[in-house]
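Alright, structures below, take your time with them.
There are two complexes below, and they share chain A, which is joined by chain B in the first and by chain C in the second.
Presenting the complex of A and B:
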């Protein structure tokens, strides 16, 4: 299947313009940064190990911001625009104007991924963590892979849902599960072991290590978990897309 | 007659127990406006959806630009334009930006956007947000978008439905211009006046079946069995006369006495033809 760079670029520019015309789409990533900065000013600044503290304030804030950005922003920013395009019948117009499904998804994905990755990076100084304290390439690799998985989950929801309301409804339990992963892991050891095999769990492990200030070591289990999740999300997405089409209304 | 651009052979469509199209056959040629007429629910939109690859037929064959509709692909979409009641606009974008996205997709120079906007009377409104446009303006914008890449075939599903007479007239002029430039237009409507005015040929669709198929003139003449003349005399009296020898004598007398003001033959219009063929009105 040959893809047209021109058409991908056209979709990308259209999506950027649509984002700029509806800044509420950018609310989750902006909110994650603002919230982290606000909390940083409210919570007492503690380093891991200070007076028996199990984590550092900055590490905790970074983990919170990451989960918020990757789970909530990643899924809503990818599912909601597809559902909106279906609802307003613009997706059908695009698909009958010579755009291939893959060109549409790639063109739509690039700005979202760019915003997520940029936010993941901005969260580091926003949370008060020094770039010198974290393995930036590993951090970038893990957060980008997790962002990609979230975007694909958002696409699955967007392709399956008939409108924005349905997309929101379908997203809610997934978002709840993903955002509560760090808490659930802290509550129950058995559950924690199980959740280690989710991409939210891997993200939580990275965050916990950064919060504890003892660094993060890239390991085979976490890498495998992320790649399996990415592959599974991609397979499910392709299956749902083939079954439902982009707009079968 | 130009090259055949749409060919439909014994096309049928079933939705569960309901038959939407029953073995319809017709063809459309380049530089022709082909009217597909019928009341709501007669199968007009279903036909457009099948011809544009948005819906699979149950049986039969259809070809658009020599490509079977089941295998319609991007290269065909690049040569056709579609306007249906489901043709949405990006309502947060301006008129101009609604078109630039599609100009980039179709590799069309952005200078053509200005030309088109001037042609449809939207140039002064190019910086308006689409959701703030009137219904007529939105329809003209949708039509402009479908014409942006100068398609060989244009599918129009009730393009003037609910529009004011001035907008309707502007759209009609645009369609005639397109036809003269060689574009084939497949037009569905239940407005028989519009069909008579614009279409070279029409097919009358009733319950998924084509019940008549010819030029509007040929159809009205064919169903003009009960020939009558409507005569207006100078004393403002209106007389309806059958086509008989006596009537012609009478008309001669009025002519000689200079009492006759107007005389019209009373062919049925397409609406009456439809009523006669199907026994139902076009609602």
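Presenting the complex of A and C:
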């Protein structure tokens, strides 16, 4: 299957123009930064172990911000536009105008991924973690892989759902599970071990290590977890896409 | 050479026959109208573009440049007309400046307006402009003028003339024959039982020239009921007509769900159509007896004729006319 760079670029420009004409799409990533700053002002600044605190404030905030951005923004920003396009029958027009499904997905993914990666970087100062303590390439690699997984999960929901209401209904339980990961990990050790096998758990481990000043080192478990999630999301996405097509409305 | 040829095409979906007996040849530059439902049209378009394969019959397509537009297709409301078309210009690899064509599609004054602020007519022209960017050979358009204003129809026709000059063939489908008459040169009606039937149609200008060439020879066995719509006259074969009703002293031909006024009086029509199996069942009704499926008596002196078809039309028949009908069809 040959893809056209020109058509991918056209879809990318279409998505950028749609984002600029409807800034509400950018609310989730902006809100994740605002939320982290607001929480940082409300929660007392403690390090892990201080006065029996189970987590450090900055680690908790970074972890929460990353989950918020990657899970909520990543999934909603990718699922909602597909569902909206199906609902408003604009996707069919693109498809009948010789744009292939893969070109549409790649063109749509680029601006979302860029916004997510940018927000992931901005969350570091927003949460109070020092840039000097961050191994930026590792941080970028892990957060970008997690963002990609979220986008793929969003695509699965978008392709499966027939309209926006159905997409948001399907997203809710997934978002609830992902956003509660940092809190559940902090309060229950058994659950924490189980959650280490989720990509939200890997994100939480990363931010906790960075906040504790221990630095973060890649380990086989985290790397495997991320690649298994990425591969599984990709396989499910391809299966659902082949079964349902892009415009089954 | 025809762009697309369909031979005895039949399509079944979910054990239901959606289309059958479709025989059609689409030539370059032709503007064809087919009266069919949206469901039938959806399947028909997908057969023509190759997205669906016919259950039987053959479709020979000499072109890949087929684009389709459905009634419910949307535009990106938050983009301006230029912004929207510019995206499709990139997809289509259209090399000329868009602005040069804005006047053809009558969009110059709304060029920078957001699509959500456009009227239905303007949106339809944006859609037509978008499809023209792909230099298509054949456009398949579903019900383009169903909500259009008179001015909108004129501007749409102007854009169609441009497309025709570019050798583009266009096939329209609609529920309503009136709509197809406005945009097509060749009209067909899809009948679930018999398939595609051509409706005779002549343009006003052609009528005038044909009058000049009129000869003395007139076939005696041919009769068609005419109805004038806008600048065109449609001819109906007697066997197409369900019944004729007098509405406010105007004889109105009823075909399926549609009404077509005719200039002839009920008496004139009765005289012409009796030999084709029509029967004056009531002062205001002339019924095609081939369409009658039931005769029901609700009281001693009241009888009703029920016609075939999904809508089960009831027509009154008086007792003395019943005797005449009884003698006519011997029941």
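The rule is simple: the second predicted complex is superposed on the first by the 238 of 249 C-alpha atoms of A that agree within 3 Å, B and C clash if a C-alpha of one lies under 4 Å from a C-alpha of the other, contacts with A are read in each partner's own complex, and residues count from 1 in each chain.
The rule we apply is simple: a contact is a pair of C-beta atoms (placed from the backbone, for glycine too) under 8 Å apart; a residue touches a chain by one contact, two chains touch by 3 or more.
All figures in this text were calculated on a predicted structure; none of them were measured in a lab.
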item: Simultaneous placement of chain C and chain B on chain A, clash or fit; value: clash
item: First, second, both or neither for A:13, with chain B first and chain C second; value: both
item: Which of chain B and chain C A:126 touches, first, second, both or neither; value: neither
item: Chain B versus chain C as contact partner of A:100, first or second or both or neither; value: first
item: Partner chain in contact with A:152 - chain B first, chain C second, else both or neither; value: neither
item: Touched partner set for A:22, first chain B, second chain C, both or neither; value: both
item: Partner chain in contact with A:226 - chain B first, chain C second, else both or neither; value: neither
item: Touched partner set for A:70, first chain B, second chain C, both or neither; value: neither
item: Shared chain A contacts, counted only where both chain B and chain C touch the same residue; value: 6-7, 9-10, 13-14, 17-18, 21-22, 88-90, 92-94, 96-99
item: Chain A residues touching chain B - in the complex, by the definition given at the top; value: 6-7, 9-11, 13-14, 17-18, 21-22, 85, 88-90, 92-94, 96-100
item: Contact footprint of chain A on chain C as seen in their complex; value: 49, 67-70, 72-79, 83, 87-88, 90-93, 114, 130, 134
item: Chain C-facing residues of chain A, complex; value: 6-7, 9-10, 13-14, 17-18, 21-22, 88-90, 92-94, 96-99
item: Parts of chain B lying in touch with chain A, wherever the complex brings them together; value: 52-54, 74-75, 77-78, 82, 86-93, 97, 101-102, 104-107, 145
